[in-house]
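Once you've had a glance at the structure underneath, I'll fire off some questions.
Just so it is clear, A, B, C, D and E label the chains in written order, and each chain counts residues from 1 on its own.
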Amino acid sequence: MSRFTHRALKKVGSSPGTLVHVGERKLDKVRLSVMHYTADSLTERTIDEVEEGLDLVKEGTTTWLNIDGTHDVALMENIGRRQGIHPLTLEDVLNTTQRPKSEVFDDYLFVVLKMLRYDTDEESIASEQISLILGENILISFQEAAGDVFEPVRERIRKGKGRIRGFGCDYLTYALIDAIVDHYFVILDHVGRRLEQLEEGIDNHPDAGLLDEIHAVRRELIYLRKQVWPLRDIISLLLKEESSFFSDTTRLFIRDVYDHTIQTIDTIESFRDILSGLQDLYLSIISNRMNEVMKVLTVIATIFIPVTFIAGIYGMNFTHMPELEWRWGYPLFWIVVVAVVVGMIFFFRKKRWL
Amino acid sequence: MSRFTHRALKKVGSSPGTLVHVGERKLDKVRLSVMHYTADSLTERTIDEVEEGLDLVKEGTTTWLNIDGTHDVALMENIGRRQGIHPLTLEDVLNTTQRPKSEVFDDYLFVVLKMLRYDTDEESIASEQISLILGENILISFQEAAGDVFEPVRERIRKGKGRIRGFGCDYLTYALIDAIVDHYFVILDHVGRRLEQLEEGIDNHPDAGLLDEIHAVRRELIYLRKQVWPLRDIISLLLKEESSFFSDTTRLFIRDVYDHTIQTIDTIESFRDILSGLQDLYLSIISNRMNEVMKVLTVIATIFIPVTFIAGIYGMNFTHMPELEWRWGYPLFWIVVVAVVVGMIFFFRKKRWL
Amino acid sequence: MSRFTHRALKKVGSSPGTLVHVGERKLDKVRLSVMHYTADSLTERTIDEVEEGLDLVKEGTTTWLNIDGTHDVALMENIGRRQGIHPLTLEDVLNTTQRPKSEVFDDYLFVVLKMLRYDTDEESIASEQISLILGENILISFQEAAGDVFEPVRERIRKGKGRIRGFGCDYLTYALIDAIVDHYFVILDHVGRRLEQLEEGIDNHPDAGLLDEIHAVRRELIYLRKQVWPLRDIISLLLKEESSFFSDTTRLFIRDVYDHTIQTIDTIESFRDILSGLQDLYLSIISNRMNEVMKVLTVIATIFIPVTFIAGIYGMNFTHMPELEWRWGYPLFWIVVVAVVVGMIFFFRKKRWL
Amino acid sequence: MSRFTHRALKKVGSSPGTLVHVGERKLDKVRLSVMHYTADSLTERTIDEVEEGLDLVKEGTTTWLNIDGTHDVALMENIGRRQGIHPLTLEDVLNTTQRPKSEVFDDYLFVVLKMLRYDTDEESIASEQISLILGENILISFQEAAGDVFEPVRERIRKGKGRIRGFGCDYLTYALIDAIVDHYFVILDHVGRRLEQLEEGIDNHPDAGLLDEIHAVRRELIYLRKQVWPLRDIISLLLKEESSFFSDTTRLFIRDVYDHTIQTIDTIESFRDILSGLQDLYLSIISNRMNEVMKVLTVIATIFIPVTFIAGIYGMNFTHMPELEWRWGYPLFWIVVVAVVVGMIFFFRKKRWL
Amino acid sequence: MSRFTHRALKKVGSSPGTLVHVGERKLDKVRLSVMHYTADSLTERTIDEVEEGLDLVKEGTTTWLNIDGTHDVALMENIGRRQGIHPLTLEDVLNTTQRPKSEVFDDYLFVVLKMLRYDTDEESIASEQISLILGENILISFQEAAGDVFEPVRERIRKGKGRIRGFGCDYLTYALIDAIVDHYFVILDHVGRRLEQLEEGIDNHPDAGLLDEIHAVRRELIYLRKQVWPLRDIISLLLKEESSFFSDTTRLFIRDVYDHTIQTIDTIESFRDILSGLQDLYLSIISNRMNEVMKVLTVIATIFIPVTFIAGIYGMNFTHMPELEWRWGYPLFWIVVVAVVVGMIFFFRKKRWL
């Protein structure tokens, strides 16, 4: 958890708006790719200089400039100068420890989101910061590393499927946000399965290992919640925002994303409730089983203690112990022992302790 | 719980507004039925083609087109085209994992609700998604499967009882929502009875099985809460909505449904409170009883330990143990034993440990 | 708790606005009484037909029609027709499982409240639904059963004490609501005394019975809370309501009732806090005492275990055990035993376990 | 806690606005004192008749009429008539079980506050109700008993220190409220010290007595919270209030009191957090120590049980037990015993149970 | 915690607006320093008289007057008179126990913040109150002691780096607030590391010392929360504030600080969640391990108790015990013992208690 704060510390004390890359450098070289399309045509290529992409921007066409890797400060300044982007925005793009947020500027709309993916190797949720800058006829997206959840969107653009080619940049922005939010359900599905496994585990073999599992799921939910909660405000702001970044048509679709976000939040809250229920159940079962063990064991011990005492008496070496001489002393001893044991069992049964 | 996310996953990555059926297919064949009525006349029949129903729509009459089964994509597109329904709405109808919601469009009002029924065979709450599209003189309702809670409404239409035949589509919409919300009380009644059984069980035989029962009721309440909470906003929106989908008369009735929703939410919250109280009570009783057992048993053990020691002493084989030779050694032993036992009992009593 | 839902079920499926009595029938025969007064004159009588009462209504006079028993559907329809009352209102009056609420109609104001009384025989809170319909120069009150908390109000009317005779129907409405809210303090006083007894009980003899008591008070508070919370909104609505049901003078008095309601809610919340504090205290005391017992007992057991072992050694029958032959073997045995016991006590003391 | 409700019961059923003193009568005789001042002059005296005070009121001067003891109904009616005070206000003054509140009337402003003092003799918080009526050029303050926290204010008036003599009645009102709120810090300081003692006690000697102390502090905090929370709304209302009771200058000072109130609320909430943290810590320490004791004791017992069994074997009187005849039988016995003991200690160490 | 209230007590009873220094005096002598700059020039010096600084103020230049030590009442009055600062503001500056807040006056803006630093020697968070008064062309900052987090800001001014020299006083105010908020991340990083250590400690060696550590972190978080929560409102007020203290450019930067504040609050809340998760985990692990110990030990004890009883039987001295004479009595005894032990182990295994 202090991985987060470690990075943020790099920035402390520096002048605001100074472009310093904050975070882990996940890529060696920045990779630029551009998709330029209208309803009829499509150009898609990897470029070396950012200008190659920016020069394509033209009224009536859509340019999507995607940048993998955010540590190239010179490149950022270049883009900032060309597109008139505020230094604070660039600073936010470079600082990969941002909280999700959206900001409306005069010339562009700025959205920061967390793209979550489940890393099956490390069995943990991997987070990557996505920054979107929606300008006139251009959408610039910044990613921390190569690899993303946008492949289906690209596929739709390539195949000209759905509305995407006919609509503009705002619809593309929506499509990317939608792809990210949709992917949250994959994460939730994973967490849901872990909860199911936990529940099954508690029913079948409630051992100490489950505690660590419960704790791990809990931390995942805390993390998820921190990433997803701000989304509600972000998308709500996009919906209410009065400038003309989004057409009315696109706004309808964004309302859809909003519903999905609410559904995500609802599910996370339900999962938290279910998890805390499972933890209570686990602890109660462990404690119940423990009590069961202790009770039976103590009952056994208690039955033998008095009869051991009786045996002890007749192991004494007093010169004058009349019972020892009795003809039926030993059988009598057994009768007394059996009587005591039966009596105690009867007593325990009556008290429902057995 | 991940049954829900499994279904939702089908949609991830697909183009928004693409009609893909998401969820379990509960019916083999889609079943269309139509009720067409005015205050004086009524036609009710099962139809094969949706056009048969849509052609009936006429000013001054009410047409209720009910569709059981939502997986027929072609049919949906057909309706969408004829009635001018937005692709996102159709997508929502097909996705049976929707969160309850209501949306106002220019030409129609869209409401998604969860119809809850108690499945007595599986002893669990069964949920079915109901989508209502209220257009001009027509109400289209989509159900996941055959069988619903609307039979009393149909009966009232058939018999011309109450206001229903005289009023229009908006009143019918209200009547259906009312039927669904009314049915929540049946579910609540069931949960209430389980709580009563739990309480009785805790008083009479608090054993480990109750824990599972408590956990099961808890999950039911979490589920119910997730379904019912959004209703408040939905119906509140219908009340405030400024367009003319609802007449003032109908709005009065919707205020009534609103009251019922609030009452449902109140009851769920009370049930949660009561349940967590029962759980605390159960755990305390178990723990109290356990302590009681342990205490008495330990007291018994402790009384016998010192006297067993005394018996052990006189079992020793030292050559020189004067007590062993004493004439009254053995009776004296018994006197000491009785004194120790009485002393300890007295001590425990005084300390109120017995 | 499912008594509530049992009743409500009767209504499920029926046409809204259909007059069906929902709830327990607490009276055999409906009883009508009327008070008709101006500042100078007063008529009070029991009547057979509701028309006798309604005919008295006249500008400048106040008519209070009180109806004990709400199961007479014909009577209700009669009143509804004469006074222009909406069917939904009549339905709400008949359904004695309503949540407290207030509604403003064009011609009248409708308030549903719960009158709470402490039933000293059954030692539980008895609830009765009171519906008030404030029309022009008339106040109609519906009660489930005979017997109410309005006697002091009637007395004030009879004796012409206070402002009541001089003011109109709105002041009477206020006076009745005030009487009901005032009576909540009697209930709170009772709960407060139970809390005091609980606290005393925990200090003096914390035994298992207190758990049931704590649970019972908890359920009472959950119940009270559910009845009192809605009041805040109800009375707040009466204060803000813009139509002319209440004169400015009366509104000042309603502000007073509002204060009392807030005070009631505050007290209930404090009681909940105190109760949960008491429960924690109780459980901690029980657990502390238990630990105390176990500790001392285990210490006793542990001291005797090693010395019993020593005694066991010299009870062995080995042919060659030099100690047995020693002259001072037996006294030495005692010295060792005392040394061990003293050593252990010293050790326990040092570790502060004793 | 039901002391509060006992008093309030006196009022139940009486006509609203009827002047009945509700609460404990803390003084035998009502005591009236008056301070009349301008920037230059000051008259201060104890008076017999309230008219002596009211006659002093004059434009440009400030009259502070302080009344200790609120049970003199005739006096109250007298003041009410002379100053045009609403009967409900007088009723609130007489009812010393009021919740803190402020109300704006046409001719005066009415504020009810709780003056809290720490009673060092009874070691509990003593509460006294202060009612302030701010009229034109006059401030009437009602106290339940003699003795208050206003002495520093009086001293400032007498010495003409600060702004107080130059400003009017509104500033005086502020000064009194400020004195009361300031005194809350004395109470908080006291509670803070109790928390410190608790923390120290938990570190050094966590015994059962601390539980009672924790419970006592908890109840104090619940009580404080109930008194201080309403203050926020009260003072916020004074700030927003649009009539001319407060000059802009005084309003600046009231903003200051508002800050203090927020600070008080913050501190109470922090104290609650800290207290519940301390309670958890205390219970965990007790339980940890208990476990520690039980563990070591059980280990000791468990080591001796097997060796006692071995000793028991050779205490048996079988005719044919070859070991008994062995030359080195007894030393061998000791070797086995030591081996078992060492083995078990080693095993416990390895498992980290010791 | 009552250190806070101790100081505040000094003020109780004094006239509002009276300048009394409340708090610990952290410096012997007040130290005044001034930075006076335009885009091109910079003067920085330590001064003796405050007038030297105030005389520098000129249109188009920026003067930053920094005062270390707030106990010099005469100096404060001097500044107040010269700059037209309200006595209440000066009082707030002197009272170093203020809650963070911001207030807009006609001539100046007043902000109180807490500068937090981690004191590595005492291993605790050290808090210092910073008051900022932003007037026309001047910013006066008050600190309790020498040493602050502003050095990077001064460095930027000296080197003319970034925007700071070109912009005015409002940007400087922002820069100082930003420096303070940035430093909160250092504190959070520290707390985050403590949480990591805690987590590691719980995994590796969960002993009683961790409880104190958990409690300490909890108190730190309560403290942090109390300091940081008010910031949200403060900065939100600066953003909304309508007067002209901040230029639109600076306001953009303040929006950035706002984001950081929200991020800080989010992180604190996450830390609280994680901490309470860790506490639950710790207690569960301790309790699980304890149960494990008790279980195995009790099993051992229980196995030996019956066989010790059997050994006791044959230690008895009855004259007539046929078994003692049997040729194979002793081997038989051993067979019985082994059978009992094996049987019990088998039974425990089957019940999964071992």
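One rule holds in what follows: a residue touches a chain if its C-beta (ideal position, glycine included) is under 8 Å from a C-beta of that chain, and two chains touch if they have at least 3 such contacts.
If you're wondering where the values come from, they're calculated on a predicted model, not measured in any experiment.
S.K.: Just how many steps, at minimum, does a route from subunit A to subunit D need if it may pass only between touching chains?
M.R.: Minimum number of steps from subunit A to subunit D: 2.
S.K.: Using CA atoms for the superposition, what rotation angle relates subunit C to subunit D, in steps of 5 degrees?
M.R.: It works out to 70 degrees.
S.K.: Which whole number of Å gives the spacing of the CA centres of subunit C and subunit E?
M.R.: It comes to 42 Å between the two C-alpha centres.
S.K.: Quick one: subunit A and subunit B, Cα centre-to-centre, how many Å?
M.R.: Once rounded, the distance between the two centres reads 26 Å.
S.K.: Using the touch rule from the top of the page, what residues of subunit B touch 2 or more other chains?
M.R.: In subunit B, 294, 298, 301, 305, 308, 312, 315-317, 321 touch at least two other chains.
S.K.: What is the order of the chains around the ring when you begin with subunit D and head toward subunit E?
M.R.: In ring order from subunit D, with subunit E immediately after, the list is D, E, A, B, C.
S.K.: Any idea which subunit A residues touch subunit E in the complex?
M.R.: Going by the criterion above, the answer is residues 1-2, 4-6, 8-9, 11-18, 86, 88, 92, 98-99, 101, 103, 208, 211-212, 215, 218-219, 222-223, 226, 279, 283, 286-287, 290, 293-294, 297-298, 300-301, 304-305, 307-308, 311-312, 314-317, 321, 323-330, 333.
S.K.: Quick check on the complex: what are the subunit D residues that touch subunit E?
M.R.: 149, 151-152, 156, 161-164, 174-175, 178-179, 182-183, 185-186, 188-189, 192-193, 195-196, 252-253, 255-256, 259, 262-263, 266-267, 270-271, 273-274, 277, 280-281, 284-285, 287-288, 291-292, 294-295, 298-299, 301-302, 305-306, 308-309, 312-313, 315-321, 351, 353
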